[in-house]
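The structure appears right after this line, and notes come after that.
Which chain is which? They are A, B, C and D, in the order written, and residues in each are numbered from 1.
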Amino acid sequence: RDTGGQQQGGGGAAGTECTRNPAPAAAGGAAATPAPIAPNADASALKVGMAYDIGGRGDLSFNDSAAAGLEKAISDLGLVQTNTRELAAAENESEDAAATRLRQLVADGFNPIIAVGFKYATALKAVATENPQVQFAIVDDSTVELPNVTPLVFAEEQGSFLVGAAAALKTKSCQIGFVGGVDTPLIHKFEAGYVAGAKAVAPNIEVDVDYISPAGDFSGFNDSARGTEVARGQLDGGADIVYQAAGASGQGVFEAVNTATKPDAQKLAIGVDSDQYNTVAPPVNEVIMTSMLKRVDVAVFNYINAVAAGATGSLPKAFDLSVDGVGYSTSGGKVDDIADQLDAYKAAIIKGDIKVPSERQ
Amino acid sequence: MTRIRTVLLPPVLAIVFAALLCAVALLINGDSPLTALRVMVTQVGEGTTAVDIINTGAIYYVAGLAVAIGFQMKLFNIGVEGQFRLAACVAAIAGGALSLPPGLHTLVIILVGAAVGALWASVPALLKAYRGVHEVISSIMMNFIATGVIAYLISTEGFGVLRGNNISTDPIEPTGHFPGISFGASGTIFGFVFLAAALGLAYGFMLNRTRFGFELKASGESPTAAAAGGVDARRMVIVALLLSGAMAGLVGLPELLGRDHAYTLTSPAGYGFTGIAVALLGRNHPVGIALGALLWAFLDKSALALDNVGVPREIVLIMQGSIVLSVVIAYEIVRRYELAAEQRRVAAQLRAVTGVPAEVGS
Amino acid sequence: MTAVETKPAAPVPQARNGRRLPGWARAAIVVAIGVGILAITTTLTGQYQLTSSGTTQAAVRLLLPILFAALGGLWAERSGVINIGLEGMMILGTWGAAWAGFYWGPWAAVIGGLVFGALGGVLHAIATVTFGVNHIVSGVAITLLGMGITQYLAQLIFVPLSRNPRQSPRIEGFETFSIQPLADWLAELEGQQRVLLSDAAGLLGGVVSGLTPLVVLGFLFVPVSYYVLWRSRFGLRLRSCGENPVAAASLGVNVFTYKYLAVIISGGFAGLGGAALTLNPGQLGYLEGQTGGRGYIGLAAMIFGNWRPGGLLAGAALFGYVDGVQLRAGGEAVHALLYATSILAVILAIFWAARRHWRSAAVALAAGLVVYAVYWVIPEVPREFASYAPQLVTLLVLAVASQRLRPPAAVGLEYRRGEGD
Amino acid sequence: MAVADTAPPRGEYAVELAGITKRFPGVVANSDISLRVRRGEVHALCGENGAGKSTLMKILYGMQQPDEGTISVDGEVVHFRSPADAIKAGIGMVHQHFMLADNLTVAENILLGAEGLHGMGATARQRIAELEGTVGLRARPDVLVERLGVADRQRVEILKVLYRGARTVILDEPTAVLVPQEVEELFATLRRMREEGFTFVFISHKLDEVRAIADTVTVIRRGACVGSADPKAVTSRQLAEMMVGSELPSPETRESTVTDRDVLRVTGLTLDAEGGGRPVLDGVDLVVRAGEVLGIAGVEGNGQTELVETIMGMRRASGGTIVLDGKDITRAHTLQRREAGIGYVPEDRTRHGLLATQPLWVNRILGYQSRRPVASGGLLGVLDRAAARRDTERIVEEFDVRTPGVDVPAAALSGGNQQKLVVGRELSGDPVLLIAAHPTRGVDVGAQAGIWDVLRRARAEGLAVLLVSADLDELIGLSDTIKVMLRGRLVADADPATVTPEELGAAMTGADAEGAA
């Protein structure tokens, strides 16, 4: 990467011309909005416990998304507000803290209990084994194989494929960037899908991939000062669209894109998890072209619904494009012009014509 | 009597002071300090909390011992954090790769942990002894670098394997586990807890009964007097930091050998820093550190219980921070007071014994 | 008299009074050599990010919090108090800055950070100066407490505003500006891709563009600290407390007062470091854990800089530069830095050989060869290590240079009134 | 109190101290002391170590507050809360131990605290340049103090005082670190300044110096004022007896026990200075035989401390060999040297001899941690606490250490008793060589005699003793041979049977025998 020769400090440079493939022929908006998974059931008798990952509500990311699912269940399924409890993990806590949190929920009669984040896997396995009568769900993990545990996992690579394709369609320099927070397998899925999507549109596109911190150093999700610098490095190197999967550091990526945007050189960013055009404060949100949606809210809502209906078996193996478990956002209207092509890719993925890799190549 | 005053009074004062501070903070927040107190007390009987306090306490205890070894000679091993994390990672890799008979397997893992901890501590030790680099700065840098090395080791190109969205080292075979004592629904006490207690005993023995412990304390109290007494300062720096590092290398093992059996991305961090606080609370005394470790573990678990009833758990952090600060201040005040009292007492006793006033006029 | 003279006594050698070049000239030479090495490296390895103005700008942004922390360390340690609580004071500063900045704008954020950091300094002063607590112990405790208090305050104050206990709402930042016409002229020169000239222009251009008032303030505080500490009456008294407090007291200096002031100022600087993080163009708000050990790194930069303002600036700049390079351009650029290091080692070897320090020259040459061999063998520094290049560099430089360092003579020692003969 | 005769008119005295009492934990440093210093005189203050001289002067200088008593300056009662107050009242003090910051320049050291007078710029430099002539300082003002020699440092100290415009100058043992020519220069300066109307309080226990410079002398003993006298009218012997009480103990040892067995043989011992420059030890050769006391005389700072510490292995020799009892120990560690049979009474017991906060029995272990009876030796090196305790009790008994028990911390003992403990310990390990550096410094008369006695007995039993002392009577009285050390070399030998302190003093300073007489 960075083969573009000596670039000017902050200015964008016109890169090579992109050769773009046509969108798959399937087209036609097929299966764009699938039918709801199940009809709304009555959840008024349920006591739902939520165990969030570090930060809990207010992270503008997947904890908030999970909370949104809970709120939807309250409004749509008759779940009683006082029959819910939300707890959150602390930084650097040990396994037993996670287990204790789940046990507290069990002890106080919550059922089902939803653990948000793969860090709960081990603790959940222990607690679920001890309490076979309680229903559990875990977000982002499918390693706990117990009858009373429902995995809520997502095809992040599929959503990322679409925003990758969008980036490749939109880029003017034929060079785009990806900023990962921490170099972990989960984030690799985002990267892999994004790169695959971009290459599917423009085989000669250049994708800069950078991570803020290596595996095990979770500061990369929490250091927007460094996030800015990584993004600026990519922008200065010629990229004009940057996709971030960096948690709270993502704010830094948006700020970097916002700063680099000049009247004559529009730079764009792609958000992650929730529709960040709506959550990031203006005017910075104006640079957000689209967001890769990871609909934890959909999964949580569907799960509560399924428990209420006594049909957890009906939930999908993975929340992917076909059930709207992942997708892309359109707020801000910056991808309206390419919506057709994106929908074509989406349909092709759902049909299985395109296989999106989930590990980086 | 004076001993009780000097040893027990400061921490009690400090805890009371910290509790008052927290009560004020809670009241500002509109929460009832009494509820908080009740929750903190009753949590101990619930679920596995009691066992967890003991298990976590054992981890903090080992970390505290590691820091305390350095403190004995006024060396500040802030690098326990990096040493323990790297040691746990390498020990897990070694344990997963080896297959040995039960007991031996565990022993080898423990030795690997200690060796790696000592190795990581040897950099600050040698830099301190031969280049005069302050151990605090070098070990802080080593903590950062340890994170990089761990990331390298457990990446999938290294020794890591993908497990769901997590990366983990190869799990250690049951032959390498450290069996614990199960209390059924109340949890399982790590077998390592007893090893930790034994380490505490060994530390106490080493400190008070052996030449090495004597030299360590002497160097800490007065490097000049120790040098005149034949203690090689450079050697002591190296040995003390290596020992501290070796002890630090064991910090991650209770969980590794007793519960997790593999090192993962989400393996905990921060025990090294807790160890500093615990060693300070316990005044580097083997029993004191144990009490400090249990108190710290208790407060940690209280955060969970408070969160569960909607009381802000940050209160626990304030409590921990203010306890440490006020306990050192309290010890200092009592120490000064006692020193003056001691001198007065000796003078008075001498007067009584010799019949001659210690204050001689013309 | 039975005493017999046996040998004549040797004459006492005269104290060496001669000085070589003035400090600023030597600094300029060092900078010039550095630029030269980087230019050569860039030309030969094609890693243009090493000398791009973007990298220098990143370095400036990254070094700013570290610089403030290091200045904080300088003020405290010059008065004889070790301040390892900088991290905690910095954390307090981030909160204070975000809180004040949210209501009253960026300048209020600066003041807020300063005040909250200074409050941490007051605590440290009470513990170390009044009660004689071990400075490191007190520093660790203050870091713990700083973390606790900010998290508590954040959940108390910020949750109603941002619904997020770990983050403040976005605050307003400073407008950036460039020093014109210099910045444009340098940018143009950088664009011309002339060997050496464009590299120098790139490195310099980053320093004069994309500035905020806080950056200017930070750089200004370096000469100001020098002036106050070395040229003013206040500074003389303050430093004397760190060198020989008993002597200072015997001349009527109120050692307690000066130590208190120094530690509070130190806390204020650390707080400014926190404000710099909060006002960072990429952040614009408080974020739990955002200091990420920068307080400790500031302390290291200060030691690196031999307890002097110019030196700590160099330390912070080196750290910020290497961090900027690795963040912007990753392992390949860090790999190119290995090449630069081996050139530096050879230059050092020549320098020492010219002064007939044969052993040092040999060691430098050997080190250079080893680094070059590493450069040759591996194609790229793995990302995991590149991320910690700044820390590695700091450790290496300290290992090489530490014995020339000169801490204040009485740093870390307890002072009590009426002691000494 | 035998203070000067009738009350003079107000203002005749530059300073008056009345009824000063100062207590420290466990000791009364000053007990109801009164002192009047006439304007324009040099007033000497004499007394043994620990008599309370420095304490009294620190009180006058505002560094310490008296528990009782008053201070008057020019007839006005004043209250000094800090040295700043004293400086304002025109009092300056040159301390016994230099109060200079090594890492600051000469000018900075002088200006510190007095920046208000002439600022810190050109005016101040001008003033410093003027005063430099007065005290004979030749160093440039921007040189770091660490580069100066002792005499120049002292000049800087005096300059500091003058710069502040002091009219009354306290000099606390200014001559202890000076060689005779330097003492002469200092005295010349003092005399000249006396003519200009300065008043001096001059502390010393060198009686000849007192008689040479002082107009009045006041003697303090054990915290109390013994009396004042005209130094021209009393003999040194009379003064000495005022200082120490009635009887003067004598360190005589006459009958020789010297054998021909070499215990310690040092050849060509060299120690380079840390920052380069003149070696601290320069080719030192000496032999100590069994039953012999070898005394080393020298003015402080001429390498005696370094010699002792190099023989102990606390410093690494740059050249030369040290042979103990036929074994080459040049490369051995301190502990190995101790195990080989060296006992060591360090010159600074608090820094090098004791662990202040540890109980006496723990202090018994220091230096013996590898040996019986306090340790079992072996790989683990287990300590025998009971044995350590028992043996400490033995020392307390045998050496008359006044302590309530062996469990009190060492810091709680008075200096003399601490010293007895150290001496007792160092004779416990069956040493073949005892290195005693200033063994009776800061020790009262009774304890002093006790320690001399111990040394004599040990010598009679065949112990070799290397004695370093600043007390020439002690040195002459105890030694079988005396060597004189000057600038890192052994420059002269003296026979204690015939040499006088005056002759020895002359040799120590490198002056001719006639010159010093």
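As a convention for this text, a residue touches a chain if its C-beta (ideal position, glycine included) is under 8 Å from a C-beta of that chain, and two chains touch if they have at least 3 such contacts.
Not measured: the values here are computed from a predicted model.
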Notebook entry, point to check: If you tally contacting C-beta pairs, which pair wins, C-D or A-B?
Noted result: C-D
Notebook entry, point to check: Where the centres are mean C-alpha positions, what is the separation of chain B from chain D, in Å?
Noted result: 45
Notebook entry, point to check: Taking each chain's centre as the mean position of its Cα atoms, how many Å separate chain A from chain B?
Noted result: 39
Check: What is the distance, in whole Å, between the centres of chain B and chain C, each centre taken as the mean of its C-alpha atoms?
Finding: 30
Next item on the list: Specify, in ascending order, the residues of chain A that touch 2 or more different other chains.
Entry: 91, 183, 214-215, 217
Check: Could you say which residues in chain B touch two or more other chains, in rising order?
Finding: 147-148, 151-152, 155
Check: Tell me, which residues of chain D touch at least two other chains?
Finding: none
Checklist line | Touching chain combinations (by label order) | finding: A-B, A-C, B-C, B-D, C-D
Checklist line | Touching residues on chain C, where the partner in the complex is chain A | finding: 48-49, 52-54, 57-58, 61-62, 65, 159, 162-167, 169-170, 176, 187, 190-191, 193, 198, 202, 205-206, 209-210, 277, 280-285, 287-290, 292, 323-324, 327-330, 332, 383-384, 387
Notebook entry, point to check: How about chain C: which of its residues touch chain D in the complex?
Noted result: 1-7, 9-10, 12-13, 15-17, 231-233, 236-237, 239-240, 243-244, 246-254, 406, 408-409, 418, 420-421
Note to self: Quick check on the complex: what are the chain A residues that touch chain B?
What the structure shows: 85, 87-88, 90-97, 99-101, 103-104, 107-108, 118-119, 121-122, 130, 140-143, 183-186, 214-217
Item checked: Interface residues, chain C side, partner chain B - complex -> 84, 123, 127, 131-134, 136-138, 140-142, 144-149, 151-152, 154-156, 293, 296-297, 299-300, 303, 382, 384-385, 387-388, 391-392, 394-395, 398-399, 402-403, 405
Next item on the list: Quick one: which bits of chain B touch chain A in the complex? Just the residue numbers, please.
Entry: 46-49, 52, 55-56, 59, 147-148, 150-152, 154-156, 162-167, 185, 255, 259-260, 265-270, 300-301, 303-305, 307-308, 313
